[in-house]
Each structure stands twice: as structure tokens, then as C-alpha cells.
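What follows is a set of structures to go through.
Consider the two complexes below, in which chain A is the common component and chain B and chain C are the respective partners.
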Partner chain A sequence: MGFNGTSPLLDQRGELRPEDFGAIRELSMNPIGDRIISAFFSPGKETVDFASFVRILAHFHPTETSRSRDGVQPEPANSRTRKLKFAFQLYDQDRDGKISREELLQVLRTMLEMQVTEEQLQSIAERAIQEADLDQDDAISFDEFRKSLEKVDIDHKMSIRFLS
Partner chain B sequence: AASLLSVSLRLCLGISITAWLTLLFVFIIVPAVLGVSFGIRRLYMRTLLKIFAWATSRMEMGAKEKNQQLHKPYSNGIIAKESPSSLQQELQELRGSASCPRSEPEFEMADIFYFCRRGVESILDDEVTKRFSAQELESWNLLTRSNYNFRHISLRLTVLWGLGVLIRYGILLPLRVTLAITGISLLVVLTTLVGFLPNRELRFYLSEKVHLMCFRICVRALTAIITYHNRENKPKNGGICVSNHTTPIDVIILANDGCYSMVGQVHGGLMGMMQRAMVKSSPHIWFERSEVKDRHLVAKRLSDHVADKTKQPILIFPEGTCINNTSVMMFKKGSFEIACTVYPVAIKYDPRFGDAFWNSSKFGLVNYLLRMMSSWAIVCSVWYLPPMNREEGEDAMQFANRVKAAIAAQGGLVDLIWDGGLKRAKVKDAFKEEQQKLYSKVLVGEQDEGEQSDDMHLEDENQEEDENPEDESNQDSTKGQ
Partner chain C sequence: KSALLRCAPRWSSFLPLTGLMCVLLLVFVSVASASRDVVSENNETWRGPAGETRGDSHNQTNSTAHKKAFPVLSFNYEHVRKPFEISLWILLALLMKLGFHIIPGVQNIVPESCLLIGVGLLVGGIIKAIGEEAPVLDTKLFFLYLLPPIILDAGYFLPIRPFTENMGTILVFAVVGTLWNTFFIGGMIYGVCRIEGGQLASVDPLSCLLFGTIVSAVDPVAVLAVFEEIHINELLHILVFGESLLNDAVTVVLYHLFEEFTHAGTVTVVDAILGVVCFFVVSLGGILVGAIYGILGAFTSRFTSHTRVIEPLFVFLYSYMAYLSAEVFHLSGIMSLIACGVVMRPYVEANVSHKSYTTIKYFLKMWSSVSETLIFIFLGVSTVAGPHAWNWTFVIVTVVLCLVSRVLGVIGLTYIINKFRIVKLTKKDQFIVAYGGLRGAIAFSLGFLLTNSEMKNMFLTAIITVIFFTVIVQGMTIRPLVDLLAVKKKKESKRSINEEIHTQFLDHLLTGIEDICGHYGHHHWKDKLNRFNKAYVKKWLIAGERSTEPQLISFYNKMEMKQAMMLVESGSTAQLPTIVSSVSMQNIKPRGPARQRAIPSISKSREQEIRKILRANLQKTRQRLRSYSRHDLMIDPFEDNVSEVRFRRQRVEMERRMSHYLTVPANRQETPPVRKVCFESEHKVYTYDDSKSPRGWTAEPDPSPPDAVSLLNESSQRANQSSEHRAKHNDELRAKVPDEKEEQDQLKLSRCLSDPGPNKEEDLS
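Here is the complex of A and B:
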């Protein structure tokens, strides 16, 4: 796309709005398209500038390309933890650090909409929470989220390789 | 002394105009009438290529001096897209590495990664949106409109560019406009005259000659350098010729080499005058605005036409809109429902000399034509593909897709299933539902759903094609008169 180049989304002021993302046809097809769009915007803000845009995209850099850092440096954006955090926030819309049952139901609803009945939705959500919720507080915290995804190859599945 | 000066000026002017017109006549109009070529345009093309290569290497040198990188367009996209696997496959992979396999399919927290990555990939580089804007070039062709490396232009290049502007706007543009006016007037006048002839045979014969001649003049008016391949497959009477659509000029490119019956909506103004004149000598199919909505009427008129073997093949552009010539989009099935032979044609433009794509949301028709006439040239290749027929058990949509794949393969274009109508319309919710359907199958297994469609578009998409197949009618173009 090339934000600063010949992008069809280029806004005159060098900022993007949610509507600009709406022009991307493939994104409109994605069931969680709206959530991904809002992931680019900090809570309460209506525009995103180029620097922030790139910071969010940096989460998707393949992990092996990051240089090894010593403990003093801040964690790189594309570390496994940061990728997990990004995905976590897709679920946790109110950013309270926990995925409540209601939030989980909401995600399931957008991904499935009219394809399943309400009862099926409830039971799916119920099972998912029981699986992941280790401290039985009826919500999934970030650590529980991370634990349930221990074996998933996140580095590969959440990475986009840029052609240079 | 003043009068002497004015007389001599007028004499000079008179002589130069005469010389100009003679040159025009000898080198352009006569060959157009006779259908021969001196090869001047190809020589011109080769010279231009050498100049472009030189210009690009100068820019690269300039960039290296400043230790910067030239902006190079990514013809294959910005990101590496893995070979498209289905939603099911991707999710299996995601889950396979997760917890132990279960007896029944269920929701996994990891599922969201699939959609998330797809979404961000779309933001970076989606397959559809970029088809509606002009293709980016690898080397600069001395047109400001296709330059992204302004910073690296040296003095020598600027002079060359300035010279280019002078030549294009001072010499080429007036020449081409003259030719265009000649071509169009001749078309209108001669076709009307031919229409008065009582003898049918003579009328057919002359009308063919007249159409060919006028379109040849128009081709020279655009300095179009066309290479026709496989002419043994040229469309024959009683068939339909289908082609990918990049610009209204496609019509001229094809009509330069053969006689077709055109299909379109009746316009007003200059366009309408041309239409009325043309139909007097040859059975073109023009629809009134009201008739366009009636699918059965359209189908009937087309069928009647192809049933008559003395009538020329119909020319149709099934995409319904102009695409930027890097891909072929969904073909509307209406033209493929008529029972006759289909002659596919692939047209590929060489963007180095001037981008022929009409971005109708950016430029109106007149503006577009001016840009075309002030480019260096329009270079394209036309491939006539072997005729195809609908096979047993194949429905119109499958037949359309088969033809589309053949055209895309021949022209080196990407074969997309997307509807060109997305240029203007928003994505229908039906697409999103399709994704949701696929995902729900993974979660809750197969439920008894209706018919399975592998294609991403659903049947109701095709109802839009009761607009007629040719494109210009639907653009907000006014050949303002």
C-alpha cells in the first residue's frame, strides 16, 4: 500500500481515519475487519499518523529478523509477547486486561453472525472459558491467554514477510 | 516595411501549413485508407525505448551520488503472500500445534490469528483495490504523470524532459487532434452516405471498408502501435467476441483489424451522432436507456443478431468496467448465456509509452483522451484466442470463468474472481457471510446448508449485469458538446 507513496488511502494531512480503511475491499470481507481497524487507533483518538501506523504494523515483523538485544533494551515490537498482546486486545475491547465472557461472546458473534444459533454460541463460549480460565474467575487474563497458546507457532502465524 | 513583413509571414505560414498537410496526407492518411504501413511508428518506438533506458540510468546515477534509493514500484506486491490455502487448512495448522486433538471441532482462541493476519495483509496489499489505479512503472518514460523520483532529476534530464513536453504538446498533440477530427468526421459522413445505397451487397462491402478506414485513421490519431497475434483465430460472423477491458480505446484497437457490431447505450451529443451514423450502414446494437434494464430484451436482440450469419460478430466487454490491465476480473454471465461461439481476445497494453487505463473516478472522458493524445504512444498486443463453445453440463458462469482464464493466461494477467463493480460499490455483506459460513463449518461441523458455491461471488452478484455489457454507457462521461 505505501502510506507515503502512491497509496489510494493517502490522506492529505498525512493521517488516516477509520473510513480510509473502509476503502480496502478485502478488509471489508474479513469478519473481524472492524476490530483490526480499531486496533490501529488509540482509545479515544480518531486519527492515526504514519509513525503510529508503522508501530502497529511492526508487530507483524517476523521474529527472526529482530536483532538480539540484552535485557536493558525495551522489548521489540515483534516479540512473541507483543504479538500475543495484540491478539489479546482484539478480544479485550475495553482494555481492562481480562477477556470477559461477554467480550468472548461478542467476538464469536462477529466471526459467526448468523451461521449458528444463540445457544450454540453460548456453549462454545462456555467451553472456551472453562478450558482457558485457570483461576476460575470467569474471565481470561493475559497470562491465561498466553498459557493456552503455548504450543501455537505464533511467530509464523502472526508474521508477514516484507519483500525488499 | 511592416506590410512586407506581414506578407512574408503569411507566406511562410501558408507554405508551412501546406507542407504540413501534404506530409500528413502522404504518410498517414493514404496508408490508413489503403491499410499499409511504412513502419515509421515502430522506428519511433525503438528510439523512445533507448531514450527511456538512458533517462532511468541517469536517475539511478543521480540517486547513487546522493546515497539514496530510487523508489521502485513492487510489481509483485509488498509482502510475501503464501500460496492461498483454504480457511479450513489454515485453521487446522493453527490448531494442530495447539492442544491435543479433540473428538469434535471447537473454538480455539488461536483461531483469531488467522483472521487477524489476513486482515493486516489486506491493509498492506490487497488484491482488488490496486487494480483500479494505474500500474506503476519500473523505468521512467519522461512523463511527469508517472514519475516518483523527482528529487533525482539532473539538469540534462530536465532539459530532455522539457524537450519531450514541447514535442508532445506542440507537435504530436495538434497532429493527433487533427487526425482524430478527420477520422471521426469521415466516419460520420461516409457511413451516412453508404446508408443511402439501395443495393444490399454493395452497402455491406462499402460499409466494411469505410469502418476499417476510419478506425485506421483513429489508430494513427493515437499513435497506437498494435501487434496482432494469431490472426487465423479472428472472430467470424454469427459469433460473439469477448475481451478484457482497460479503456474505451479497446474498441478502436479491435475495430482496426476487423469489423464488429458494437453494443452500447444510446448517448447524446457527438457520441450519439456517431452512433446514429454508424448504424445506418452496419447493424450495430444500440439500446435505449430504458431497454438496458430489461435482461430478456437485451438477450433477445443479441441472439437475433448472432443467428443471422450475414451479420458481423458482436463485440462485448464482459467485465463491465475498465480495469487497469494487470488483471482480469469477473465476467458477467449474460453474454455467455447466448448459444453461439465465443471468440476470446486478450489485449495487453505496454505501459512504458503511456498508460492507457481510464480511471473514470479520476478523469473525465475528454481529459482522458487529451492525456492519451499527449503520451508518447499507445503500444499494445492483441491475441486472438481459438473459439470456445459452451460444453455439455457447463452453466453460463462456469463457461465465463473458463473463457476468462484463457484470456488471463494469454495476456499474462492475473485471473481474479472479484467483481469489477467493486470499483464503485461497497463490498457486499454476502462476502463477509461467506467467510463466516466457512468458519462456522470448522467449528460446528457441517449443518444442512443450501447449495455449496465454491466461488466467492454469489448468484445475486450477477443480477447487476442487466446493465449492458459495454462500459462507456455506465460511466459519467459526457463527450461534452
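Here is the complex of A and C:
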């Protein structure tokens, strides 16, 4: 697994630091790379151990549709809801359960980099919130987020075939 | 549906329509027969204006022999025979198509392709009864003229995302599936022939394999025709359709291979290996040829900003050349055409004007529609006309084997494929994929190409039977089966900006995760391709400023424009003068605060100009459809409903905001019931003025707030040429309101109307 490939220091320390992630070149080119990195670390902690690392990555395991779940069993990490929740948390940096306009603007700014004017960003954010916001609170809650993505095949999109 | 309601009164017009068609048929047939008698006459009576010497001497001999009266009215059919017949056939085909759509209820039971085949049979029967020679579906005609438009239409509007996501599955079905079908059918047929003996005993294995090749290929025309009407979900559609497109390479290779072998007589291992190599050459070569032409086309479209009228022609001609060039080398013409369309499309769409885009879309749909109709009709006619050698065993066995091999193939392959797929194919999916494997005119044409005459008729009969069976039986029953099995249908709504944003976000997320894992998966390569595209290719192939426009922005602009046009269109024309008046106010903006009158006297020419601009926007197509459906050129009715809801919400919101800022007494706020938002606000602003409220236009003539300037700058940034014209445009259409929130909405409207797309010249010319 990539974890071992990512950090040659792993054997010594058994955990990762943000700098180790930064060593991945492609990740630094990724517009939301820093958000992804910070998603691995629980708030306040400086390191992530192997177990947590795997737990995060488990979100991206392909969904098994034939699994029968009883109500007692906790929802598996790779269910559609959990995947969406993970993505939602990347938007929602302050963890208040909603994507505010400012947070959305930040995401747009990083994704579109330098190529658009502030106004265009504002308009897009405005429109996005208008479309998705059903309870008129000027922010996108998790349910609204999920609803706006109902046509997207999340199971397919947010899954990576792990080789191991 | 309203379509049905409208059809009811038109039932009465159906009868004259049939009458008309019968008359046309009779005319056609009679002139065809009359032409022969007239031929000899024509050579004497007709004087070519070019003055053939032969004709002249003839004339002189005639005139010297006896003085003929000057022919006031002469009949010369030979001269126009060919184009006349062609036009008549096409007209007949289209009238039939028209007729089917007029008759209520027919469409729901029988797919159009069946009806067209039926018509073809009928016409063929009539022609045969009269004793004429019917036009047969000539291979050259089919492959060079009838097939390319359909494939180009399919390729140009191919939904790229689902196609590339399922590419592996599609390839496996296309290549391995077709190979399996070929050898299974060929082998079993050979076995059956051996067992049967008699007439069939002389069939040799290679002929059987050749036959297997021809009859096993899933046909894109038939698939399109049938699947179009059942609106199945995207995944299944792309699977079956993609397979039908990509198996062309396999079919081409196998066909030529077996034909060569049949002539050569012996098969060696080297030949087999060469066959495999040939497959790769054919498919990859075809794609390469298509890509080259596609890039050429995209590059050419970069420079067409001054000659907008011929833009669509470039698209068509480059694509057709791609097809023909591939055919020259016996590469896969279909794959070349698809590759050309796919490569060309994003760049051409960024470069061409809106009108050209509409033209391209309409022409492609039109040609492919005509082609499809003609193909099916000719299929029917050829069935009646062609020499047949009916052999019960052979035919029945062929049909059964086709079904069986298809089912086995799909099940077997799905079992293997599902190990590699993230989203597995369910049993229902497999059934639809298997059932949707229709054979069509390609099989017939390939069969027609066969040279071996003794077996040819028998093969041809069997092929026709298979085609009929799949298209008619399977085509008719697939719709109720889809309903019965509750297969997921196509989701009708369009993409929202949220979806677009989040999908891109997820793309980045997944790419990042893949990088962390060190796993170079789908997203990784897609991301690399996108970067390459953005960094190098776009600069070369897209003209001007559009080359740096991020995808999200173009998407957003398109949406906004769509919305603005809907807003503008939905308002009645009575509203327009209001817009005109209030809009023209903007021109007087720099004059200063001492303006008493609310309504300035706008000059006629200004009003005309503004009306023209608005009307030009109205005439544009409402959206750049991402759909690939044959019939869906009109607005999606669902889309309207979705937008309606949104607009109503927007209106509520606007009213809410308005009420914060308006100090106008309540009765003033009652405006005539207008459905759409922006008009209301405009109107309200206007009534403001009448009341001479202190917050009226006085705020307006202040030196433009920074927003206006930036808008101007924005627009001048975007416009490559004549920005001052556009600036004026922006000025006119920007409604200045004191309220900043409203201004932002208005800003949106003006931005919508001032489309940064390359159509600016048209609008302002």
C-alpha cells in the first residue's frame, strides 16, 4: 500500500506528519491537496497513525451492494452516506455542519485558481446556494448536499480499486 | 401528453396524407415506366442548350425532313431522372416518418424502425407487382452515403464521461463478445450443415465463419433507433451503443480475413497472427486517422471568426474525409469517424458561434434521421426485391444461434467483467444488454458484398431474417420488458451548478487520494490529460480568450444565459417596451442628476437596435444540450418545470429583498402578474420613478459604482474585438438600481445577455 511507499520514515515512527504528505508531488499540484491532507489528521493532532490512515482510506473502498446489514451493525465506512460525509467535511472546514457561502467561495477560489474574477465567483456561489438551499438558511447542510448529488453515482465516483 | 391531444384533431388530415403518398407512389412508378418509352423520343425532340452537334444535326435533318411545330410543352424525364428519383425516395421516407408521428398511439406500440421496414416492404411489393426493378440497398450507397451521417451524429454527441468510465467493459463486449459470437455461430452452423446434409453439405467452414462474422455484429443504427425511444438509463445505453460502435473494427478485420482465406484456400498460423496484428492496426489506425482530422478541424475552426457561415461545413467535411480516408486503407471507418467527432467537439464548440453550433446540431440530426429512415425503407424494399433461397433449417438455426450465443456471451463476459468493475452489472442489466444486441443494415450490406453466389442467396436470406427478427420482435418487445423489469430509466433533468462544482471537487479529491495511495487509477490519468489539455492543446486549438476559460465558468455562463433567455422569452412582448425604456435610461446616465422625466424620449433607432439585440438573443437555442437523443431537439418539458420552480423561488426571494429596501407605499408594489423575476424588478424600478421617490433615479446617475467598471473591464477582457460596441451593450442592458443586491441580480442578467461566446458579431451586426 501507498502508505509504505509514501513515507520511508514510517518504519521508524509508525506515523505520518503533514510534511510527509507534502512530499507527494502531485498532491501539491492538486488544488485541494492541503484540504485532503488535513482531512487525515484529526483536529488538533499533528500525526496520523496507520490505523487512522486506513480508516480514512476505507471510505474509498467500493461499495458492496449485496451486503446485508442489520440495524445493530455500525454503518460501514464505505457506504454512500459516509463517502458523502467525508467529502462534505472537506468543504466544511469549521465543522459546523453547514457549508457557508464563505466556505463555498473558498473552495471555488482554490479550484478555479487565478482565472476568474471575484464577481464571477460570487455569482457562482450565489447560484449554487440558491439551487441547493432548501431551508433558506443561506448555507448548504449535509442533507442538501446529499440531495444535490443524488443524480451522481457516488458509489462509482468515490471508489478506488485497491490492489491489495 | 399534449402531443397526443394535438394529434386527435389531426387525424382527419391523415387521410389526405395517405392519399398524397399513394399519388406520389403512382407518379413515381409511372414515370419510371414511362421513361423508357420516352427515351427514344427525347433524343430527337430535346435541344440541349449547350448545343450538341449530334443533336443539332438531328434537328436539322428533322427540320429539313418535315416542318415540326415548335414544341410548346415537351416532356423530358431522362434529364432529371436520377435526382428526381432520389428526391422522391427521400420525400417518401420523410412523409412516412411524418405520418407515424401524426397517428396517435402507434409510436408507443411499435418502434419507428419496424414501421419503416414495413413501409419498405409495402413499397417493394408495389414496385415488384408493377414489374419494375426496385432500387436495392447498394453496398456503396450504404457505406458511403447512408451510414456516415448516423455515425457522425452518434460520435459527435457521444457522452464522453460515461463512455470513458465504462471503456473497459465496452471494449470487452465489443472485441471478445463479437469474436465469441462469430466463432460460436460459425462453428455451430457448420456443424448443423454437416449434420443436415443435402443442400447444405457444400458449405465449407470458412464460409460459415464468414457468415458468422456478418451476422454477429451488433448494429449501431438499429440500436440507436430502438434505444432512442425507450429512454433507458445512461449506463446501459452507452454499453450497448458503445459496443455496437467499437465492434466495427473487429467486424472489418474478421470479414476481410475470412474473405481472403476463402480465396486463398488455406489458413496458416502466420495468417492468424497477422490477423490479430491487423486488428490492432485497423482499430488504432482508424482512431489515429480520426484524431488527426479532428485536430485539423479544431485548428481550422480557430480561424473562422470572420466566416461564420461556413463553419458547420468544416465539421462535416473533415469528419467525412476522416471516414473516407480510413476506408481507403481498409481501416475502421466508424472508429475514425467517432474519434474525429470526439476530438473535434470540445474545441469546435468553444470556437464556433452559437448559430453555427445550432446548425451543426440540426444538420447532423437531420441527416442522420433521413439516413436511418432510408436505410430501413431500403431494407424492406431489398427484402422484397432480392433473390432469396429459403432454407428452413438454416434460417431457424441461425436465428436461434444468434440469440443463444448473445445471451451466453453476455453472461460469460459479465461474470469476468464484474470482477473488475466497481459498480457491478446486475442480472437485469445483463438481460438488457443481451436483448439489445440488434442486428441491422450493416449485416445486410456486408452480406451483399459476398461474392460466392451459390451460398450468397441463402446467407442473405438468413441475414435478413435475423435482422427482421431482432429489429421487429426484439425492438417491439424491449419497451414492455424494460417497464416490466423496472429497469432504471434515463434521468431527465439537467445538471445543476452544484453538481458541476461538486463533481469537479470530487475529481480533485479522488485524484489526491489516488496519489496518496500511489495507485495510478482512472482519476490520475484523467487529471493528467486535463492538465495537458489546458496547458498546451487548448492554447493551440481555441481562439482568443476562450482558451483560458475554466470549464466551470463556461458551464456557469451557459446556465446563466439559458436562464436569462428563458426569463426574457417568457415575458410577453408587452413587457419589452418597459425594458426598452428603462434600458435606454442608462444612456442618459452621465447627464447628471437633474432629470425630471421618468420616460425619456428614446429614439426610434435606439429602440430598434435594442429590440434587435433582445430578439437575437431570443432566437438562440436555449441550451447546448448534452443529450444525444434523436428526437429531443426541443426543450425538455421537464427542464421547464424545474426552472419554473426555481424562478418562483427566486421571485419570492427577490420580493423579500425588495421589501427590505423599497419605501414605496404598498399599492405601488402591485405590478401586473409577471411570472419572471427580473421583469418585475425592472418594472418596480420604473414605477419608482413615477412616484418621484427620493430613492429613484437620482441614485442612478452617480458615477458608475465600481461594479460597473469592473463589468466593463470584464467584458472588454473577454471580447477580442469591438469591445466598445459591447461596452455599450452592457451599459444599455444593465439596469441600475440603488439596491446592491438587486444590482447583483441584474448584473447576472446583463452578464447573461452579454454572452462572452463568439456570437457577439452576429448579435451586434
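Remarks
We adopt the following convention: the second predicted complex is superposed on the first by the 151 of 164 C-alpha atoms of A that agree within 3 Å, B and C clash if a C-alpha of one lies under 4 Å from a C-alpha of the other, contacts with A are read in each partner's own complex, and residues count from 1 in each chain.
Basically, a contact is a pair of C-beta atoms (placed from the backbone, for glycine too) under 8 Å apart; a residue touches a chain by one contact, two chains touch by 3 or more.
Not measured: the values here are computed from a predicted model.
In the superposition on chain A, A:L90 makes contact with both chain B and chain C. Using the contact criterion defined above for the overlaid structures, shared-chain residue A:D155 touches chain C, although it does not reach chain B. Of the two partner chains placed by superposition, only chain B is touched by A:A23; chain C is not. In the superposition on chain A, A:L105 makes contact with neither chain B nor chain C.
Once the two complexes are overlaid on the shared chain, A:E126 sits against chain C while remaining clear of chain B. Overlap of the chain B and chain C interfaces on chain A: residues 1-2, 5-6, 21, 24, 26-27, 29-33, 36, 57, 60, 87, 90-91, 107-108, 111-112, 115-116, 120, 124, 127-128, 131-132, 145, 148-149, 151-153, 157-163. Against chain A, the residues of chain B that register as touching in their complex are 71, 74, 76-80, 93-94, 97-99, 106-130, 132-133, 136, 148, 418, 422, 426-427, 431-437, 439-440, 443-444.
Against chain B, the residues of chain A that register as touching in their complex are 1-2, 5-6, 8, 21, 23-33, 36, 57, 60, 86-87, 90-91, 107-108, 111-116, 120, 124-125, 127-128, 131-132, 140, 145, 148-149, 151-154, 157-163. Interface of chain A with chain C (complex): residues 1-2, 5-6, 21, 24, 26-27, 29-33, 36, 57, 60, 62, 65, 87, 90-91, 104, 107-108, 111-112, 115-117, 119-120, 122-124, 126-128, 130-132, 145, 148-149, 151-153, 155-163.
On the chain C side of its complex with chain A, the touching residues are 165, 420, 422-424, 491, 493, 496-499, 501-506, 508-519, 521, 524, 531, 548-550, 552-553, 556, 559-560, 646, 649-650, 653, 707, 710-711, 714, 744, 747-748, 751.
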